[in-house]
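Here chain A shows up in two complexes: once beside chain B, once beside chain C.
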Partner chain A sequence: MTRKRFVTLSLVPAIGLLATLALVSVAGAVWFSLMNRTLRSADYDFVGAYNFLRLLRDRRFMNALEISALWEIITVLGTLALAVLLAVMIFETVKKPLWRNLLCFAFLVPVLLPRVAAAFIWRFLYSPSLGVINYLCGLVGIGPVEFLADPSLALISVAVVDIWQWGLFFTVILLKLLETLPRDPIEAALLDRARTWEIHAYVTLPMLKGPLISLALVKAVESLRSFDLIFVMTGGGPGTATETLDLYAYQMGINMGGRISYASAMSILLLIVTTVAFTIIWKAGKKWAS
Partner chain B sequence: MGKLISAIGVRVLLAVLIVVALGPILWTVLGAFKELRDIVTPVPKLVFEPTLDNFATILRNPTIRDGLLHSAIVVSVSVLIGALLGIPAAHVLARHARRYGDDVQFFVLSLRFMPPVAIAIPFIVIYLDLGIYDTLFGLILVYLITTISTVIWLAVPAFERVPQNIEEAAAMEGCGPAEIFWRFSLPVAAPSLFGALVFTFVLVWNELLLALTLAAQNATLPVVAASITSLGKEVPWGVINAATVVLVLPPLVFIGLLMGLLNTMVRSGPK
Partner chain C sequence: MANISCTDIVKSYGAHPVIEGMNLDIPDHEFVVFLGPSGCGKSTMLRMIAGLEEVTGGRIVIGGTDVTTLPPGERGVAMVFQSYALYPHMSVADNITFGLRRQGIARAEIAPRLAHVAQMLGLEPYLDRKPKNLSGGQQQRVAMARAMIKTPKVFLFDEPLSNLDAKLREKLRTEIRKMHLQLKTTTIFVTHDQLEAMTIADRIVLMRDGRIEQMGSPDEIFERPATRFVADFIGTPAMNFLHATMQDGHVARAGNIALRLSPTDFPRLRPGQNVELGLRPARMKLCPEGTPGALTGTVVLVENMGAEGQVITDVDGHEMSFTTPAFRGLAIGDRVSFAIDPGHVHAFDPQSGHSLREE
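Up next is the complex of A and B:
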């Protein structure tokens, strides 16, 4: 077999299939978003930009946009903050490799859980009548807290689960990265009598700037896929307090009468916003890291 | 004295961290073996008479059994096809097609940026029109986006780490590109590739949104689990816990592998 034929034979099926599926879904979404198609009836007409114009006046859509932005900010910052804090703390206090490995194993477990499972586990813990967390709250005299039914608490309560899964996972990655850093700059800082937190704030963490940016980007992409977690824990409620864009698009497209065209318009907007945002962040991150 | 206190402090901290990481899961496992009256207590019970009723309920329930079967078929077929198509492509991207390798890699990565709803909504209509809505074939087809792109994404670095002189020596001996790939690169990269496949497996096993929208009767285990909040009047917490345990087990088997994958990725230099 010639080289050229080998290259074609191995590349074309995989990339061709991927490109076809991606093209079909994007083209399909654009096409449907210009129609007024629903799952109920087979008839549909071309309506132009009508769906998009209606979205701009849709209060619930604006609310979903806001919730999605909030969700992104809370989970990305929360995950990174927890990971940095824990990684530095473990790096400084736990010196025995055995203990470190044990901790790493324990910290990897949550991220491997299916989102649906994590959601059930925490719904059980959060439960006002039989949850362990509310039992502990009761011991210190705080009456049953409706973690998932209180509109002001629900989003944070769900975000805690996301941060529990990803923050601990990123802690392991950061810890391993800290271990690979050269010792010289740290020892130089020690000779200058820098305090421990100063060493990390001014020496080690700046050295890990590149990986930290990559991790933030990975988490930002991953946070967009939190449908499973929110769907099982609150279903977008109470009211629309935890309804992110993908939940609203799902409710519109499938649950509430199957307004496919309207939901398609929404997913097109979501696609554009994320693509533009990530391209900008990607480029800026690369510039900043180098 | 100060040293002793700080040593104890470290131990306490360690214990707290491990409890935070594993406690919720262990609590659910305990709950899976409890009868409902041991769950619905004002004070959480640690000591109780364990029962296998919850697991029996699950395994006797045809919906859940079907979900498990569907999950097994859909996940294994889509990961297998993803590997068959993705691994050779990744090898070519890493070795033979450097020129457009970057563009292809960006395309593959951009598929992971794509919001799942943007795939799900148009595919419902297309599947309904084609008559493959609510079929395992349809689910496998849509999961191929995830499996092929993830396999390529993780396998390219694995092939880049294969020492080039091995392949060059084989080429000198007159081996063709396919033979080099099959006999030399693939065995050397195999451990990392296995890790990549496991990661892909976990992603698809855990997926909910696409299965929820594109299937109804033929749904996978996460969809079935998500829908059992109300079997009968009371919330069957014991059964939910047992279903959660069943859902959690397959990914957890691979934790050691994930650790190894992390170690090689960190050692090969942060991106």
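Up next is the complex of A and C:
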């Protein structure tokens, strides 16, 4: 057996399984999206692009699109900003390996938590009557603040939980990356009279540009699957203030309307939009990093 | 431009001392080389002068300012690293001008200074390139330009040529020397290569185990090594050593080998005293057999070095080598005689290793 044939044969089962799982469901969704099926009745018609055309006039869909984009931007930028800030701070202030490792260990804990558990914990922390955050706010004379019930605060409040989980995790990764950088350019910058923040802004972080872009992409993909967190914390509310596309699709298709054809069309559109967006971002990122 | 003075410098990592009480004065304009085997503390000493390493004890003064506790950027020093330490994501021009920009110097002033150093080091065609697109020699030139443009009080070189191939090393060595003749900036250059040290230095500081073994001009170090260690470390091929006992008439004898030492150089040697003789291969010459004071042995190996050859011989059970331009007539097993001028014989105390020569 030639090597090439061996490689092909060993790849077939895994790829076959993946293709079955992915393609069948995508094909199923496309099939559904072209009809007007609901969970209420068994009969249905073929309606062509009707669902897609209706989506473009659906203001709630447009709102969900906007919330999804906002959610992506807030969580990705927030996570990276927190990680960069904390990693640089720890890198500069905590020099003892023991303390650094203990901190890293502590920072890994949040991401190990199942997201549903994190959501419940933070919902309790945010609670206007029982939550410790509102208790602290009360001490300085603010509040009670309706973190999850105030439409202008709810999305940020949920994003804080996501950033708390992933930002601390990325802090650990970034800190370890900073430790692997060669000392010499940093020392050269010291001799070039660069201040601490200048060393990181002009030398270390640009040297980590590649890994930072990868981390941003990983987080962007990860942020797309925040259904569980948002669902537990706000359920998309108040109103539609935190309703992302996946939540809206769920509400439409399974929870309220049972209009699975309409929800399928939404999912297909989401799939296309994210694929195109990520391809563009990936290409741009690669170009920028080189 | 400035002199450097280090007083009672101590450096220890935990309980482990690396440098113990080092005193060093470097006058203005001098080109000093820290030389020594790896782990002798020469790089640590340089990094302490640069401010990259904290001093455990002692004082460092550069140009009349006590810099012992000053951060690296405020000491007026510029350093060239062994790894070049260029900023990989910046263009050559940005690398060179990074320090000036951090000092808030106006762009209008930076441009002519950049043009000047780029022209001096032949970097004009590469200013827009990234370091990774340059050869090792070009990268090291960029590192030198980055140091020069700051017009520092002191240049520090930390084994800058170690990563280059032999030919390029020689070329850059000459360039560094020429640059020093032109700029006259006080310079400290760290290396473990004794030939590099000999060719480039005004003064060599030879270090061993965190202490200064000998300090002096290359000639002094080569011709008047203060200890056996210095004698062994300097010179290629390495010095021959021979344990001998003094006899009457200022003759040192080891078996059948007898060498007369100069009574003016070694007036205190007494008959019966044990000495360790040091004979430089380059100071010995082929001579006819039977010449008084000549050593006679059989050829073990001949190493061709181009213009000269190193001949390794067996003299009465001792392996001795000498260099001669006439090596091509010699073959393994030949009997050869070679002699050394008594003025070039070194003698060391076998216990302390100190030279027994009196100035």
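Quick note on the criterion: the second predicted complex is superposed on the first by the 281 of 290 C-alpha atoms of A that agree within 3 Å, B and C clash if a C-alpha of one lies under 4 Å from a C-alpha of the other, contacts with A are read in each partner's own complex, and residues count from 1 in each chain.
Quick note on the criterion: a contact is a pair of C-beta atoms (placed from the backbone, for glycine too) under 8 Å apart; a residue touches a chain by one contact, two chains touch by 3 or more.
Note that the structure is a prediction, hence the values are computed from the model and not measured.
Steric overlap between chain B and chain C is absent once the structures are superposed on chain A; the two fit side by side. Contacts of A:Phe278 after superposition on the shared chain: chain B is touched, whereas chain C is not. In the superposed pair of complexes, A:Phe6 makes contact with chain B only, with no contact to chain C.
Look at A:Leu155: by the touch rule set out above, it reaches neither chain B nor chain C. Once the two complexes are overlaid on the shared chain, A:Ala194 sits against chain C while remaining clear of chain B. More residues of chain A lie in touch with B than with the remaining chain of the pair chain B and chain C. In the superposition on chain A, A:Phe105 makes contact with chain B only, not with chain C. Distance between chain B and chain C in the overlay is 13 Å (nearest C-alpha pair, rounded to whole angstrom).
Here chain A touches chain B in the complex through residues 1-3, 6-7, 9-11, 13-15, 17-19, 21-22, 24-26, 28-29, 31-32, 37, 39, 86, 89-90, 93-94, 99, 102-110, 112-117, 120-122, 124-125, 129-130, 132, 135, 164, 168, 172-173, 176-177, 180, 208, 210-211, 214, 221, 224-225, 227-228, 231-232, 245-246, 249-250, 253-254, 260, 263-264, 266-268, 270-271, 274-275, 278, going by the rule given at the top. Contact residues of chain A toward chain C in the complex are 182, 184-185, 187-195, 198, 202-203, 206-207, 209. In the complex of the two chains, the chain C residues touching chain A come out as 50-52, 71-74, 77-79, 81, 83-90, 98-99, 102-103, 146, 150. Listing the residues of chain B that touch chain A in their complex gives 10, 13-14, 17-18, 20-22, 24-25, 27-28, 31, 39-44, 85-86, 88-89, 91-93, 96-97, 104, 107-108, 110-126, 128, 141-142, 144-145, 148-149, 152, 176-178, 181, 202, 205-209, 212-213, 222, 225-226, 237, 240-241, 243-244, 247-248, 251-252, 254-255, 258-259, 262-263, 266-267, 270-271.
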